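Both of the next two complexes hold chain A, though its partner changes from chain B to chain C.
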Partner chain A sequence: MGLDRRAFLGLVAGGAVGTMFTPIPWKLIDDAAIWTQNWSWIPKVPKGQIDYVATTSKLCPASEGLKIMRVAGNPVSAAGNPDHPLSRGGVSALARSEVYMLYSPARIKSPMKRNGKTFAPITWEQALIEMSEKLGAAKGSVASISGDATGTVNEVLTALVGKLGSAGAFMMPGEATSAAKALKLMGAQGQAGYDFENADTVLVLGADIFETWGTSTRNRKAFGATRPAGAKPASNYIYVGPTRNNTAAVCDQWIPAAAAELGVVAMGIAWHLLKAGATSNAPGFDTFKAVVNGGFGPEDVKRATGIGGDVLAGIAKSLMASKAALVVTGSPFGQGMGAAPVIAGMSLNMLLGRINKPGGVYMLPELASVVPGALSRAAMLDGDLPAFLKGVASDKTPAPKALLVYDANPAYGLPEAATMAKALEKIPFKVSFSSFMDETAALCDLVLPNSLPLERYDDVATPYGSGFCVYSLVRPIQKPIYDTKTSADVLLALARKLSIDLKFDNFQQVLKEKVASLSKASGGFVAKDVMPWQVAAGKPAPALVGGDLWKALEAGYAWTMVGQVAQTGMGFAAEVVAKAAKAGKPAAGATLAPYAQLRTGTPATGIPCQDLTTVPDTELLGENTLVRLNSETAKTLGLKKGQMVKLSAAGVDCQAKVHIFESVMTGMVSAPLGFGHTAFDYFSQGKGANYLSLMAVAEEPGSGMSMWIASEVKIA
Partner chain B sequence: MSGQKKEFPITWGMVIDIDKCTGCGACMASCQTENNVEPQRDASNKLRSTSWMTVYELTNGKSYPDHDIAYLPRPCQQCGNPPCVSVCPVIATEKNENGGIVSQVYPRCIGCRYCVAACPYHVRYFGWFDPVWPEGMEKTLSPLTSVRPRGVVEKCSFCHHRWTLAKDAARAAGKDPEDLADGAYVTSCVQNCPSGALAFGDLKNPKHKVHELIKSPYAYRLLERLGTDTQVYYISRREWVRKLGDNYLKSE
Partner chain C sequence: MEEKRSTSAGGVGGMVLCTLIGFVGALVVGWVIFPKILFSEKTQPIRFSHTVHAQLGIDCEQCHHLGPDGRFAGLPTTESCAECHGEETGDTSANGKEIDKFVKDYVKTGVQVPWLVYQYQPDNVFFSHAAHRGFECTKCHLDVAKMENPPAYYQNRLSGYSKDTMKMWECERCHASMGTSNACYVCHK
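On to the complex of A and B.
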């Protein structure tokens, strides 16, 4: 029997059709797909009882309340706590990383001692012996640096250093530093707190209020509440700064101005307010008026900033017409601003009568200290760390014999990084209380790992920017994963070894005493059904049930108080502004305008591993970070999109790729911070450049404080 | 398009107010961790990284100082007419369950990436690498979402597991699981957004806020003229943002 061509084709076609209708190939594909996905190295998800516990974020400076989801007792993810006034359910990309950082490859797993260029693990007992010997010998010359702006741990640290003979107890510089200096020069008492919830017109001078400035999560919640989706906004936000940053992107108006000229802009607005009849009984008003009228008229300001008089007149009109105007001043990158721009901005609040008023600026009292001999927060903020380290580097200031660094990374997070590293090298004995192997820990003699916030008791007291006093608890929800300890407990043990009496045996006792002291503060209450901004607006404050306060705090609620410090002599300090707020010379090359974002972490955390994906390829591409210039600036400098360039300033060079971005002022180079780590893990290390190292530190005329708000850079 | 549009009595949808989004990335971080997307050390390579939720930067294309920007968070648009469904040869992706959520069955996916090519919104991600967590970090995996191996396509599921939990909670409380209260089921990105820019709910339920929001004159959908009938709506008072959303040409 033969098989002709026609029969053969029929057989093939029949076979093909038959294959289509039989389930066998489909079943085989399905099975193959399942088999090829069932590999032993693909992690299996954990099983067990799911529960939720509350705590507060310490890694994120916005200090959000958190709800941690646990599975079989292990924390799995962090979400915003809807019951916490600084969170209201929101969370930043950084606070969300609290859980994952527990397992960061950069974590320090045990105490370590320097051994040549490397470190060798030691026991906690050995570490205490080593520290007590070295610190005992260094008595009279021990300095400290803290990167925790809100914790009671600072009381333990500064009391200990004070009793050892302090050579200086410093806080890492930030927005709070400039504000504290400004208020001191104005003769004011307390910490500036901004009541965004009750404000209807907000003028933002430089501060990146929705990203890195102050209680940014709470600020955004307050902003969102007055902006019903798709409807007419019930608030008016105006942003003045060098770039249309994350804050300016949602504001109603962006007015481009160099960061160094923000004080001039504020004084320019003051001119219009004074012209419209604004007045004040505060000390120094006459001098202020004379200074404003003498050098900050519309023509002067236009010459200095390029902003027309009509624009400033419009802002002044909006502020005067609103029921609750608020002026907020800060650095576009969270540090380096002098006192003068803050004084100028605060002067606007005074002219508008917005001090200690709903929707204005509250002068908040500092919570009572409980550790004897501790420095107050105001005293710590008065220290000038960059000036101190610059002095040490240049031998103008004697180097301390020992340095304790707590939760801070000055070798990376300060300007003029090369100078700061030189200063640190001159200090013979350095101890780092860090959770991660950061740039500063890598320079230290002893590295004593701090347990992470989810593994320790800690607290958050009134972060800068909060419009009300607030206290919340950080509590351990699991045992330390590695051989780490709560640094405050280590410091208390060290004090005992050195026979120094700090009154407490462990940090939990300190916190209990702190909470007990809050119970005695009049006007304090637990924010549950009534929120502090509602009380500020006139709602009666609920009573505080004293005995349950610790329990309420452990449950994730916050203690709050709408308080204000009586002001006896808050004045304008116009003479400081007169010296400092002057038009700068135009840069020959370009001016650096850095910006910071929470998704790239802090100097103390590095880039959280889960957050790297959130960084767009217009900021980080491969191993290179991108800087932003508008097309006019690029044309003037002869630069093209995608070109690799070298930025030079302060004796340092940084690589960058050019990104043309039109929401940057002409003459400015906008550069992302948070990159260029030489330490931490592979999520941070070797990615881009640290542009903060290009910033040169100068002394602000009038206040004498260090400032590095803008630096000229050469681009080649 | 699939040409098989199905109607669902419950239609979960998202409304994103672009005028409130500051582009912080909290929604992306929330999505990553909620859905067990691995931390990626080379995440700057956007052709190979995975992010079910991505925030795009929009510009009006003008020069300084008339330049304007906006941020657009983009989850899976959960199309009513999903282009990805009709091209899937193994029915690994489907729109056949209540709620109108486009499903993705990982064990059935053969990694052909037709759906990736078909999706006009670029919401589908092919896993190029085996998911590897730093040592110990696998303890932070959510038990509610499976871990996907390399070689399969994955995407936003509107945190579907949360719907299951919400229904369970409603049953336990003696309530109707098919009539959840507004807010009883929200996705992780919506829950954690610090600006309150994202809203979520049943588009067909008058008791849910999103039902009203999508009627706003400022509401629009991405690439609406393609007829994909998406369940994610955007709101912006800025006309250029709305026009950009539907890819208007300069001549239009």
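On to the complex of A and C.
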């Protein structure tokens, strides 16, 4: 029988019907759907045993304790450690990126030596030989710059540079620099620590306490603890500054004031406090009173700042009526403040009797050094890096013969970037100990990659802003991915090669000695069931039990101490404020009011790649950054929304797009920092402009320190 | 016309027969041949005997343990296997040779065994063993404790998943029968 048309159609029909009774169509549809989940470019979750290990964030200045989730031993994400007093479960955008940064394309994969305009890989041994020869020849004129404000690595670095003949051991400038200078001028001892947890009224002068100022993650937690959802707030926060930034946005009150006038505002509030009877036994009170009454009355302040006397009187009344008032002063963008505004703010704390009191300002002792010959943190903070580099650029200061740069990026992160780069070019031999190919590393002769915090031992000692002494450990949770080393180990090896005795063979030994020294400090304890702010409020401090502090630190707990340095000569230093806190001339164009955010990283990290997705298009649109002006300022300057403009100052031009934003005070142009990188990877490079480069460095009258809190810019 | 009718009558019979052949043929292809084409058969890198270990009184969770949040019941690491099998035995029996192969290829090289896992779930599924602790392991997993040799691993050539990976309808049916919510977010991230 042949297969005729009908038979064929029957076969097909039978086959088709039969197929419907088989898994073929249903399975193929289902599997095709699943297949779309498995395209090769879709990220895969690694499979394996899940565990959590504790460490501390070193990339984020807020120094949160972290819990790193690992799958099959591979770190996959970072979360806040609920047991750590600087985290309490919170984490910043930057600390959260610790894991992802391990795989950043900007990482330096091996030691490198400059070869003309490019770099060629070399071995660690070759690098050590090269360094020992050059540094040996540069003896007597070796400088260092550190970008790590909290690490014991600074002891190794400064001890080595000291023994080589230091031409200056500097810290990158920040809030701690201004505060240290201010306290020094006031005759105070210790580092200022702010007890947010026990404060009930907090006056914030400029400092972006919930974003970039000090222990911002801990500050947020302390704020949140007094503001339970649906209940009456147990605290009152007032923000004074040029923009309604991330801090001002959640405070009870925002009072617009230029960053350069914050000292004037503080003195204006002091006038009301004095009028209400505030007094002090501290040295210099009479001078302070005379200065305040002589030039900071309500009319003077209103003329300088535009803030009415009734507003300042209201603030003074709130501060005096509260049980635990606290005044915090800082730069809205984390640097360039000068000492006078900090002195003025601290003077308010003194008038209110808030020094070394719960909910006030504690003067915290510096933890003991363990490396012989190391500089103290206070001594490092006393150095004025912008002034030094400006001096080198203009030939007023002799250029050092060699420079060691640790975890710092002065070619990008300082004001007047062009001047700073010029100064760096005058230094014949430069070494960068950096994890990423940043702008400064690109200028150096040797680039020696530092292992990232998840790959190395390191530590964090009392970050600026913390209300208590705190020490936590950073520990490796995986082997270095590339041919990198812990820079402190390299420095110790270099010292051996130069026959310099720094007492230790490796950095872990240094840290163990540091931890051993902590266990001898009286009053110190491991924060577990009792937190330091509870001890500050009167709860007895637990004993440091168990003896094995190192183990507790490795488990993610922090050593803390509610210490205070007794103040014998802390005075008002009103003469400094009198010279510095004067109303400036009205700007002809606009005043630059930059703001920094942790999601755009730091000069040493660049923009973490996954954080780039969190940058709104009102900040970065395409390749252009946007600057914010209110409609009144825009109208005065003849600018329109979306217009491309050129900002000019300090001999530098920066492009920007105009964004109309009413949360910026009149006369200000608010600009995001963290953009405009020429180095790092394609996540950071070529995105917008570095507006910090527009800021001109000036000498603050009275203190003599460099300041760049507000610069006038021309917009065209 | 007559010829046509004759052809038509014979054609109907032929057509019915062909329809039947097509129907049965499709069933055979769909139920017998299609699975063989769709799935590739693979064997485990080491012939691990669950029976031997079960007979020693080792529970499933001693090797496939849960993390603190119950999120892992996966594979033991080479290191944990090496706690018992850290050295070559020299035993020439089939099991002895397999142990020596494990020691030589994985323990000494520090490499994890690329075990084929019968029931990995897709990445978009959050499955917690902690929430299913009340069930016997064999309620969902192959009863490998009764198998001298590890069963063959069948990998779906199209989706890439194991044939034994539990399907969504199985999860939903069990949830429904237990009165547990079947809302998307209960299982999906």
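The rule is short, and it goes like this: the second predicted complex is superposed on the first by the 671 of 716 C-alpha atoms of A that agree within 3 Å, B and C clash if a C-alpha of one lies under 4 Å from a C-alpha of the other, contacts with A are read in each partner's own complex, and residues count from 1 in each chain.
What we mean here is this: a residue touches a chain if its C-beta (ideal position, glycine included) is under 8 Å from a C-beta of that chain, and two chains touch if they have at least 3 such contacts.
A quick note: this is a predicted structure, and the numbers were derived from the prediction, not measured.
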Between chain B (first) and chain C (second), which, if any, makes contact with A:Ile50: first, second, both or neither?
both
What is the contact status of A:Gly18 with respect to chain B (first) and chain C (second): first, second, both, or neither?
second
Where does A:Ala7 make contact in the superposed view: on chain B (first), on chain C (second), on both, or on neither?
second
Counting only touches as set out at the top, which of chain B and chain C does A:Ile34 meet: first, second, both, neither?
both
Of the two partners chain B and chain C, which one touches more residues belonging to chain A?
B
Which partner chains sit in contact with A:His272 here, chain B, chain C, both or neither? Use first/second/both/neither.
neither
Touching both chain C and chain B, counted on chain A across the two superposed complexes:
30, 32, 34, 37-38, 44-45, 47-48, 50
Complex contact set, residues of chain A against chain C
1, 3-4, 6-19, 21-24, 27-28, 30-32, 34-35, 37-38, 44-45, 47-52, 72
Within the complex, which stretch of chain B touches chain A?
15, 17, 19-26, 28-30, 32-34, 36-37, 39-41, 43-46, 49-51, 55, 57, 59, 62-65, 67-71, 90, 106-110, 130-131, 133-149, 151-152, 188, 191-197, 199, 213, 216-219, 235, 237
Chain B-facing residues of chain A, complex
26, 29-30, 32-34, 36-39, 41-48, 50, 69, 71, 74-77, 79-80, 89-93, 96-97, 99-100, 102-105, 210-211, 216-217, 220-221, 223-225, 227, 229-231, 244, 246-247, 249-250, 256, 481, 597-599, 608-618, 620-622, 630-632, 662-666, 681-683, 687
How about chain C: which of its residues touch chain A in the complex?
11-12, 14-27, 29-31, 34-35, 38, 67-69, 71-72, 74-75, 77, 112, 117, 120, 122-124, 156, 158-161, 167
